[in-house]
Amino acid sequence: MRILLLNGNTSESITRALLTEARHNAAPDTTVFAAKCARGAEVVASRSAEVVSAYSMLETIATIKEPYDAVLVGISYDTAVSALRELLAVPVVGMTEAACHVATMVGSRFGVVLPGARNAAFYRERIVACGFEPRLAGMRVIDSSAAALYADPENSLKLIRNASQALVDGEHCDALILAGAALVGLHRKIQPDIPVPVLDGIACGVGMLESLARLNFPKPQAGSYSVPASAELGNIDPALSGLFAHPAGQQS
Amino acid sequence: MRILLLNGNTSESITRALLTEARHNAAPDTTVFAAKCARGAEVVASRSAEVVSAYSMLETIATIKEPYDAVLVGISYDTAVSALRELLAVPVVGMTEAACHVATMVGSRFGVVLPGARNAAFYRERIVACGFEPRLAGMRVIDSSAAALYADPENSLKLIRNASQALVDGEHCDALILAGAALVGLHRKIQPDIPVPVLDGIACGVGMLESLARLNFPKPQAGSYSVPASAELGNIDPALSGLFAHPAGQQS
Amino acid sequence: MRILLLNGNTSESITRALLTEARHNAAPDTTVFAAKCARGAEVVASRSAEVVSAYSMLETIATIKEPYDAVLVGISYDTAVSALRELLAVPVVGMTEAACHVATMVGSRFGVVLPGARNAAFYRERIVACGFEPRLAGMRVIDSSAAALYADPENSLKLIRNASQALVDGEHCDALILAGAALVGLHRKIQPDIPVPVLDGIACGVGMLESLARLNFPKPQAGSYSVPASAELGNIDPALSGLFAHPAGQQS
Amino acid sequence: MRILLLNGNTSESITRALLTEARHNAAPDTTVFAAKCARGAEVVASRSAEVVSAYSMLETIATIKEPYDAVLVGISYDTAVSALRELLAVPVVGMTEAACHVATMVGSRFGVVLPGARNAAFYRERIVACGFEPRLAGMRVIDSSAAALYADPENSLKLIRNASQALVDGEHCDALILAGAALVGLHRKIQPDIPVPVLDGIACGVGMLESLARLNFPKPQAGSYSVPASAELGNIDPALSGLFAHPAGQQS
Amino acid sequence: MRILLLNGNTSESITRALLTEARHNAAPDTTVFAAKCARGAEVVASRSAEVVSAYSMLETIATIKEPYDAVLVGISYDTAVSALRELLAVPVVGMTEAACHVATMVGSRFGVVLPGARNAAFYRERIVACGFEPRLAGMRVIDSSAAALYADPENSLKLIRNASQALVDGEHCDALILAGAALVGLHRKIQPDIPVPVLDGIACGVGMLESLARLNFPKPQAGSYSVPASAELGNIDPALSGLFAHPAGQQS
Amino acid sequence: MRILLLNGNTSESITRALLTEARHNAAPDTTVFAAKCARGAEVVASRSAEVVSAYSMLETIATIKEPYDAVLVGISYDTAVSALRELLAVPVVGMTEAACHVATMVGSRFGVVLPGARNAAFYRERIVACGFEPRLAGMRVIDSSAAALYADPENSLKLIRNASQALVDGEHCDALILAGAALVGLHRKIQPDIPVPVLDGIACGVGMLESLARLNFPKPQAGSYSVPASAELGNIDPALSGLFAHPAGQQS
């Protein structure tokens, strides 16, 4: 099967890191290829930048010519996941929701380590929206910008390790999620020192999509994820216009 | 004070209807003026069209030259409310959240009447996100498109009355919310026949904004609604680019 | 419009402080006048004293001759709010619920600073009853009696500032509520030092009532806030007896 | 042990019916005696009448000379339970909360049959306040006033049976609560026809109090049910004044 | 009445301690006798050992010849409570759920002190399953094995006292539950130093069962606790086989 | 990879049906083999039979000699899942939790169709325990025993179709779960007539396990799923005794 990794950030290096991680976890017969957005922030870090990113993700996917069987949303706010799930006929999963699903299959309650106090509300809102709050034991913020993470990775790893251990000791978490696309891949570096599973959303998302693709559900004909009526939207890119005119087109 | 009514739909007639309703409920010294989006759907009716609408709302507000003291989001999914709240220094309220606030100040639990089964999940998700689900008694869908509402208004009113009374009798609602920008103003037509308050989001939103504006809170310097770091976003309109470069600019 | 500020405490000085705050926030065309209870505690500080206060509030309102368009309950337990809302035809709002409504329109989750550990359960129960618990991030108690607050206001302000900052830093609150009529007005003194909006229930309540009054809902004819059947209650004050005989009388 | 059955209604006949039921379920060495309020409604049927009842209950208990080891609140809104629990040193239980406790020890989820649509919100609010909403499967209203219940008991029993069976069949309840002091004792008449346990709050409350009394907890010295500071309350009955001056006096 | 105390642990000494505690709290006319399991762990301390314990409890009860009117499950995970409640015609209560019921009749929110971090999730899951999470203020783990508790009881008591006081001070608990059969009876030793009621599940359970037995509900004929269809189970002990063939046999 | 399908029922025909379904959905390089219990009911249909089944599942797995990389629990109550997850080093998933995870990745809220009113509480309790209740839209019971399902499959399919459509129309479900091992495979027969995805727990579980196995988490060293201390359990089968003596042995 072919998974499209759709990055809501425009950063080339994050896209590469996400793709590496996705491929690392994919089944042998799974191909992963990536697309990044043309508009928006290098690293989305606010609700307003996320709005631009969501739009750009729709524009981007409308231009993808290569076939794909599933879409992995590679931005940790799970930006545009429900819009894409509605518009397309193939499975769509976000990296943070995927991590929550896996966390609740390996433990009782989970913790979240995340960079930047500003983000704490965003992730909590996402977890509430998915209905996972009853399984959320706690969150810890590491005060480290993406830039700082890259500048002094050893210190960042130390901060992440300390936050992780504090969640295990103080909140009795059975699993930990490292949130944020900027942290992708770091779970493998801290896992040896942490006594519970440490989860990465990309790794989890690849598996969830492989499962969903094999289940091969028909596109809903009713409910909130059924094909929206073909709509004419003004002043948008022709490719996107085409997608709205023929939603879920891949299956028809 | 001056309220900007920002319509996420591109329909001129809905914009006028919303503006009429807003002005009907505004205090004598409140001025309301409207802006509608340049891109997107006439009437947003899907999650994917909402993504375009959200982006278009940011673009639109970036070009508004007239001063305003508050923003009323005139699309019943409360599209882009949290992004605007973050980006601006003035109060921002969505029409559906406003109705929920008012409903819970006049009754114990409320009901929602909404057009189109597809929308039931959207409104529930919004109500859950706002934390009002403990106060939601029930929802009733009227199977009537916006087009049908306009084509046969008498029949639509009958459907709305029946759904409203069913919520009062069967779910013991103390208040009712008519959801959907397309229903704006109809609450006044059915109120005489319905034994509990019937709420319209625009009417409620104007009042909430007048209150918020008078409270005159400073723009947060911490937390998830603090001013986001000035960000450079690629490939966006210069006006929007300027807004991201100087968020919350009206106060600085 | 005219707002009746009904203080459930018998303290003259608190009544004056509440009235000052209410007037400070009222619209130019809003008149606020106050009534305090004849029976009960100077400062209600227990569930049992609250029972006396609730009764006294009904007795008091039954004797008010001046017309009013809305009632602001000036006791932070929101004492008798639902009884008054049922009995009267005009909007009634409590100061703590009003603050919660405003808090959730300016931020994601809010914190509460409150005086006296005894009160922690009272406020939480009120917040749960209103359905706002999903938006409550945390509470901090300052161990300071009303007497101490007045005796050493500088120290009290310091305690409040520290508790507020701790809620912002530790619980990622986007807004803070200062609970307790005894703290009325202090929000303005600490706001300059606190990076998120600091809310006062009286200030918030005035605005909510102005909004509700303008919406001008009919008195419910069904549901739990409909006019109760005219009832004969034994051994009560004639004025109160009259109110029960003709509930919601102002509108009939 | 001695249980004081404190009726918040002033009706002599309801008091007798409650007392009969309480004695029917008491252990051999338990004595139950009743007190009814001097002020207020014959049958409390509104939030405002409940405020009078609560005050009258405090006045009444302040004059009780006979010793007692526990208080059963005989009004189905559980009026004044938390105030009495705070003020006294002996256990206090309300009839509706008691039924909820028992219901959740005999089944998974329970249903509630209640008279009068107006009451639906009251009972739900009480159940939410107690934290039992996750165990509430549904409610059914029988449209029958207390007067009608007495005028045509056979028809009322039929309505109650039908509502009960509907809750078992439609909501899969494992237990049923008949709410409302006016229905006291009817559970025994319908039990033979209903396939799950039918609970009466008075019957349940007596047992809960016997258990609590034997556990013999000390009066809390901290927390929200600790002895409130001795308070001077103005313009109240001398006996009640004495109770506030020496709360929890029976144990000191 | 006769209560069967069914210990899911095979430890003779814990059985004796539980029985002593149960008798200490029983009414004069209540007889308590104990049975312990033949299979399984001395002290159940894992989910997997609990599975063995549950099975052993069914085997054990199938062989009890003495009549009993109620069953108290003496293992703090409330192991097999719902299975026993289904299979038998008499009331069945677990020690932890019983403590939760009592806690919520004496206070607003309660805390839990428990031995061993491994157990924190177990107790929380049990409290969530019972629906008491809205009333749970917090948990504190004392890092002390059952062995350590017995080896240095003074130190253990000190740890329990400290954890208890921390819950009162930091979480504003109105009541405390000591969880774990291994702690049985210790509540009396720490109560003098702790300012809120300290609850023991066995003490609470005896009272709940005395109440339930007196209510004398019929065995449900519908719902999830009705008599299961007589079932033939392969390869089980003849006595247990007989119980499955004639469930709820004591009443038929 | 190799998945062990562990059936908690002793029925040979159900085991075969589950195995067929599992293999139908497995990846090409996944091998599935089944084991069924030696003790207990042909078809588990009560909480008490489930206790026997859980024990038998542990006994059974202790004797499995063939290697396996994951365990799929093939009984729709998800019997013993948490015990197995604790005891083993490989991933363990239950068929009902797996279906809930998938349902919430393809829709907003889901419905459950289940056979036998007795089971409604069991499935709800399981869904609550997993934390999925916020996403549960409703349940419909088909009154059809497993025997009736086999005797008149056409009628059963009609009942299932009707219940499914009712959940879509009345509760606005975006996905449906057919609960109960006895219904395994029927989802494919009704899918063509139902407008939203119809989920089967076995199909979903296979995919979840393939994902979890590839993620290859270390066995937790802390938390509630860490390796339990090696324990000596009395009077159990030597093979099971060995498993308790060396839990998680496959990985060490």
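A few points about this structure:
Letters A, B, C, D, E and F mark the chains in the order given here, with residues in each chain numbered from 1 onward.
The rule we apply is simple: contacts are C-beta pairs under 8 Å (C-beta built on N, C-alpha and C of every residue); 3 or more make two chains touch, one makes a residue touch a chain.
Predicted, not measured: the structure shown is a model, and the values here were computed from it.
Listed by label, the chains that touch chain A and also chain F are B, E. Centre-to-centre, using mean CA coordinates, chain A is 28 Å away from chain B. Centre-to-centre separation between chain A and chain E, using Cα means, comes to 43 Å. Residue numbers of chain F whose C-beta contacts span two or more other chains: 85, 108, 117, 120-121, 125, 128, 134, 172, 174, 222-224, 226. Counting only pairs that meet the touch rule, the chains in contact are A-B, A-C, A-E, A-F, B-C, B-D, B-F, C-D, C-E, D-E, D-F, E-F. Within the complex formed with chain F, the chain D residues making contact are 108-109, 134, 169, 172, 174.
Taken in their complex, chain C has these residues touching chain E: 117, 120-121, 124-125, 128, 141. Residue ranges of chain D in contact with chain E, taken from their complex: 25, 27-29, 85, 91, 93, 97, 101-102, 104-108, 130-135, 168, 172-175, 191, 195-197, 199, 203-204, 206-208, 210-212, 214-215, 217-218, 220-226.
Put simply, chain A touches chain B in their complex at residues 10, 38-42, 45-52, 54-58, 80, 82-87, 117-122, 125, 128-129, 222-224, 226, 228-229, 231-236, 240, 244, 247.
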